[in-house]
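I have a structure I would like to understand better, so I am pasting it below and will then ask my questions one at a time.
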């Protein structure tokens, strides 16, 4: 940042100074006067193609490092779901605690936000943390940050989303970890636990009739599937992350698990983003359950990476 | 428009006038490439997202009508090329005959196309209008096959629109040709409308495999 | 008996509305783009007044959204894109290469009518409910959720696209086939090179936005799903297609302005331009590389990291040819014979503002920084520096430069210089604070904002009032000068281009006899016909080397 | 440059009919190829074959029916440019979607 500013300032000031200097130094002194005919200089042209190009590459490299780091979240993060809809933000803490236009996070911990939209494109932006990410309907985007200072900071919707775009914001509250824990337990009462809600949905939507946990159902057992590699009918594998689970609920035919028929109906239009999150939370909670020997979609651990 | 193929004021020679018109037509066609290109881009992405659904949906359109239409359109390109040749060598009667043949083939193409559209109408395959892929199809199958048919209608519809414009131009050419306007020295309109007609043919050459022939087996 | 020229050759409304003379069509465009400039300007004024207070002073959020959307649509599609090409380009391009007219005069007139029809649809949209999607028409907001008059606006912009395409087609063909004897490619004025590069973008970019908006419009009208995720489509695809045109469209706006500057600087420094072939080549380079950078508008949409890296790298590459131009213009000043005429003031103002606009572009192209400043006022300030500081300064400067040729009259020089300085100061006061606002995190397109941003917003609005005055002045004195201005003569500056060899205003056929070009561009040294000091005389005040 | 290309090439009808014949054969070929499951040999072979045939057919039309083979250089440049720009759009956009699956 400082680097780019300095280089820009240098060129900005140098060229402006040159223009101003030439402007007065070489002003026309009598009306018939001509300028000195200089047509060009190959060495100069080469220099001012090559030097800016090299400088630009260093800027690019710096920005690239920051960006790649930003796009790749660390492993052990505190995952919070954020849903944007016209014109409010809903956040859901790992315990299921829900907030509207507020977001509480502990200081010094890597926080990953998993962003979903119910309608149009939004953008979750926290200027004080120097982070933002578009919230695109139809798939999840993620962003992460590590708050370093306790306090309250603005967040905004930064992608124009309709009438009350400018009101779609709120506050991030960064708390000491102990305060955060206390806040979570204090405020949690009366809130639905997403795992329990997901478990209920799993039964209500009749998922349970096919996805038997022992692997003998018409659909693969979901025990331990989250985060694992799943073997698909076309021979490829895919990591079962939030995005995969979401897609499998809304468009089950997109990726068929090897050995199974495309029987599952689509739940497109029948579940809100929030319900999908609850189901996902439930499926995540099955991560620690025993995986049946057969009837699981998980790819066998071969020699491949 | 040109009456007798006179030289317009802004040009110095007939040769310059002819070359200018030809270059103008080619530049226009390059615009058309990118115009259709946007649709091909949309098609490419959606097909790569839903390969199986696209294949399934593609199987419901009538391959034989499409194949016959391909042959009809290529034949019309041949007659158009022959028309250009007739004008170049000064065979005025032949020119008219080939132009009429091209027009007839173009109309046959549009006729077959409308039969196809009618089939789609009967099958409830017109997007946004009582759409139903097949009885009992679930939400996502309906949505994604509808994407295919949206593209099918957008692409073939835009192509058909170009055909209709081309047919109009041909009508004008035929009128001028009957009046004996075109000579080996002056046949720019025949050549340029010929270029346009061939371009429309090329678009179809791509549409046919992309829409009708997705993993037919 | 006054001499016959293109303005007085025939009279009556029909002789204008059915004209095929490129100069008259340029005048028709001048009137119509000025009309849209003032519509867009009125919206801008309301926006700035509204933002005086944190809660918004003037209108509801809904109306505010319509204001900035309509400001964008009017300014970009109906003023900036046609301004220099369709007014100055139309007027000058044939004269500069020694032709009697463009290659296809009737198509030229047709493109003006298409522009009017497109403009009509857009005005209809503005007046029946307005448009609140942002000029970017992002789906699914535009195709599903917006309740405003999106459909006519989309149709209007779609239609207007063909006006651009036909203008570009005409220019490309004209440059290829209509040059006068002796007018080789490397004797062409740099303005013509810039128009040629712009036309490449018109031809190969505009059809893509046309089809994209057509698809989005159909999506809205028939509830299709191309870009609607609820129906399986992909909203990011819309952005790809949209920016495939709309990023190069930025070069449509700035390239012609660069061409204008490349004409003005050698004229008022009275020496050949430094690095002619590099300036010409960089125009083409910008037009081509400009097509490889579009997804830098989409770094935070969830696009793949690899793809973001590629687009960032390419975005830095496109900065190089722009830098080359700036270096060459600056070097042209060295040991020149510089006068302080109005067009020169605009040209130098252009370089200064374009420099800031361009350098801040480096910030935005930087992936890591873009995370913070994307979609903030930093972006707003950046592109106004390019489009207003760059393109509009170039356009107004060019109007002054060629005004004597277009009308045959001189404008009041002192007033014009004052106006140029006012514009420069007003512009900086308006938009420089916005860089700071953006860096502090104020998102764009906000009708209300946290109170801590108020001071900078008030400063910006104050600057805008000066800027508005700066635009009214030229409007008034230029109109005044058409009737009362001093007679200009063929070559008042004097400049070297072919357009200065013919009468002011030029005759309908541009030249009485087709000129034959035997000299190199901007070659003051070998042009005794200009009546300036020549060999032997005390030529150069700064000595020879 | 424009002044030098006054020679106007006339293609003989024989060539037109030969090209037409080849186009017909290609059309039949592409239909037949679509009916065979080529994907079992190589993923996506069906579409590769279909598009290769389409590109071949289109090239024949451009080169012979549209006389591009006998046209001035700048006409050929216009053709190449339009294909190149189409390529930019398809390639750069798809590279985003394809590389999303890497990481």
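A, B, C and D are the chain letters, set down in written order, and residue numbers restart from 1 in every chain.
As a working rule, contacts are C-beta pairs under 8 Å (C-beta built on N, C-alpha and C of every residue); 3 or more make two chains touch, one makes a residue touch a chain.
Predicted model only: the values in this text are computed from it and were never measured.
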item: Pair of chains with maximal C-beta contact number; value: A-C
item: Subunit A and subunit C: spacing of chain centres that average the CA atoms, whole Å; value: 36
item: Inter-chain centre distance, subunit A versus subunit B - centres from mean C-alpha coordinates, in Å; value: 44
item: Where subunit A touches two or more other chains, by residue; value: 72, 251, 268-269
item: Shared-contact residues (touching 2 or more other chains) in subunit D; value: 2, 74, 81-82, 85, 89, 93, 97, 103
item: Per-residue overlap in subunit C, given as positions that touch at least 2 other chains; value: 176-177, 204, 208, 230, 232, 234, 237, 240-241, 305
item: All touching chain pairs, where touch follows the definition stated at the start; value: A-B, A-C, B-C, B-D, C-D
item: Subunit C-facing residues of subunit B, complex; value: 9-12, 16, 19-20, 23-24, 27-28, 30-32, 34-39, 41-42, 45-46, 49-50, 127-129, 140, 143-144, 146-147, 150-151, 154
item: Contact footprint of subunit D on subunit B as seen in their complex; value: 15-16, 19, 22-23, 26-27, 29-31, 33-34, 37-38, 40-41, 44-45, 48, 63, 67, 70-71, 74-75, 77-78, 80-82, 85, 88-89, 194-195, 198-199, 201-202, 205-206, 208-210, 213-217
item: Residue numbers on subunit C that touch subunit B, as the complex places them; value: 99-105, 107, 165, 169-170, 172-173, 176-178, 203-208, 210-212, 215, 218, 222-226, 230-234, 237, 240-241, 509, 514
item: Subunit A residues touching subunit B - in the complex, by the definition given at the top; value: 250-254, 265-270
item: Residues on subunit D engaged by subunit B in the complex (per definition of touch); value: 2, 5-6, 8, 10-13, 16-17, 19-20, 23-24, 27, 30-31, 34-37, 39, 46-47, 50-51, 53-54, 57-58, 61-62, 64-66, 71-72, 74-75, 78-79, 81-83, 85-86, 89-90, 93-94, 97
